[in-house]
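Read from first to last, the chains carry the letters A, B, C and D; within each, the first residue is number 1.
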Amino acid sequence: MRAGVHILITPTGLDKGTLTPADLLEIDPEGRAIAGRGRPSAETSLHTVIYHARPQAHAILHVHSIWNTLLSGQFASTGFVPLEGYELLKGLSGVATHVHRERIPIVENSQDYKKLASELAAALTENSGAHGVLLSRHGLYTWGESVAEARRHLEALEFLFEVEGRRLSGQQT
Amino acid sequence: MRAGVHILITPTGLDKGTLTPADLLEIDPEGRAIAGRGRPSAETSLHTVIYHARPQAHAILHVHSIWNTLLSGQFASTGFVPLEGYELLKGLSGVATHVHRERIPIVENSQDYKKLASELAAALTENSGAHGVLLSRHGLYTWGESVAEARRHLEALEFLFEVEGRRLSGQQT
Amino acid sequence: MRAGVHILITPTGLDKGTLTPADLLEIDPEGRAIAGRGRPSAETSLHTVIYHARPQAHAILHVHSIWNTLLSGQFASTGFVPLEGYELLKGLSGVATHVHRERIPIVENSQDYKKLASELAAALTENSGAHGVLLSRHGLYTWGESVAEARRHLEALEFLFEVEGRRLSGQQT
Amino acid sequence: MRAGVHILITPTGLDKGTLTPADLLEIDPEGRAIAGRGRPSAETSLHTVIYHARPQAHAILHVHSIWNTLLSGQFASTGFVPLEGYELLKGLSGVATHVHRERIPIVENSQDYKKLASELAAALTENSGAHGVLLSRHGLYTWGESVAEARRHLEALEFLFEVEGRRLSGQQT
């Protein structure tokens, strides 16, 4: 969560189910810890890349789900998951019609976070309209101007991933 | 929900999870706001069309689900989802046997609500026995003489959409 | 639920989610109401058939689920759902090994309850070891010496229906 | 759960949903009851085999799930379920990259617990890096240095079984 120039982030190695506000770390825009106990997660650099590339974003959500993992693998060679023709696309900020074409870019997963951060930055620039980014066989990043908007984007994208995943596995001939 | 000649409806842009009765808008049968803060949703005109075409209906439910989205796309070119041979069809008002043939018409989704309202009205007239209507890749409308009956219709139809969706994707040869 | 020679049963037309013990009807072994308000469900005769054919049974459960509906349709022409080789078969009373072959007979669904009762009685006699019976595209009946045993049978059978349903839809060649 | 040289285990025949700490049995490393009412489950010997083969383990979890049952049957002839390329593999203790290859061995299910214990011991020795073991069409055993770690392993493996199960059933060509 971004507040002014500082960012609040969950620390590494804690069970998300038992987190309290006191566990949040405060970091600067370069990802350095300013306040709070614990160490920022290795994925912190990806958050700072997104906040840099999407100045309106004030909240980022990252989720590993069955369907985003499946689609991020299935479409890895295509480079993006195409979503089109669904009313629920209107759950994405600025989208006013189901005719909208959303492309969620897929960045190849890596444990080299410098490489990952630079490829994520490139994907965000090339896909300036995208409301989320997938890491292949890893998970989804999405964001919003508020936590509520980021959640709405998360719910819309996960719903659409499941619909597309089921549709495609039902017609594989 | 219809009470006398007036209709209570949820306003646009509010998170349904945090709605309270005080948030409900009161509108007249033509969809004009009479009381309550907020603006009626763009889909209000579809509700008034249904109340007009189904005089017995006193409650309307509208749901986006994985399976109704899938079937409304899969059967879009057929024009309706056929449901037949299931005991749960008896969950639909007036249906006394599993031999019943239910056809849930599919109206092509649109952001032109005038066009949508007129096609919905036509679908309701042509399918006078239908207990619900689908908008393609969008969602289901169903209704009842009470909220309880509308919910029973919703549960029966969603159950049958899932059974049919799974049955069809399991035999795609 | 059987207590002595009398049977307690849920009345027709009530939402199961709001039932209280006071809503239960007391009926005799022929299905006639003895005490309680409301009318016994049309399926009462099926319960009395099961209590007659399975003297040890003191509780009967009847459930419509996605997977029992699917399998009862898919295997309708075979006449039974075969279940074999799963550890969870040991959840069925008297079954000591996963090598056990369980056959859940399928009775063709009907609104003629006399016909249905007589075919159910025949299925129970022919399949004296069966722990449940399916009505095609309708649902499952299972039972036990106690409510807890009937629930254990229900959970084991529903688990196995889902496993078999998913296994079969994943290998349609 | 292992505390010192003694082991706490759930007794046979109790509904896990109603267990309290007082129901736990204390057994010695050979599986003999030391304290507590009730009889150790027939699967106790499998727990002692795991504690013997994995000295760091202080908690063991055993779960029957839809997806572990399906994959343990589907890969029975291969002898193991291969898991590779998923970020969630990092949920397994000591795994630092999604490139990791996890092999979850499958032991053929049996009601002969002596045979099962000896085959389980062999599988644990041959697959010294494995974080879990499947019994075919039966369920998963996994473990950890603490209950929290065992739960993390369980959640990671079950997630990956579901992803792999859905991926494979969606591409059966």
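Observations on the structure shown:
Here, a contact is a pair of C-beta atoms (placed from the backbone, for glycine too) under 8 Å apart; a residue touches a chain by one contact, two chains touch by 3 or more.
Computed from a prediction, not measured in an experiment: that's the story for all the values here.
On superposing C-alpha atoms, the copy subunit C sits rotated by 90° relative to subunit D, to the nearest 5. At the interface between subunit A and subunit B, two copies of one sequence, fewer than half of the residue numbers in use appear on both sides, so the contact is built from largely different positions.
Between subunit A and subunit D the centroid-to-centroid distance comes to 33 Å (mean Cα coordinates, whole Å). Each chain gets one centre point, the mean of its Cα atoms, and the points for subunit B and subunit D are 46 Å apart. Annotation for subunit B: residues 169, 172-173 touch two or more other chains. Chains touching one another form the pairs A-B, A-D, B-C, C-D.
Every residue of subunit A that touches subunit B in the complex is listed here, in rising order: 85-88, 96-99, 148, 159, 162-163, 166-167, 169-173.
On the subunit B side of its complex with subunit A, the touching residues are 15, 64, 66, 69-70, 73-74, 109, 111, 135, 137-139, 165, 168-169, 172-173.
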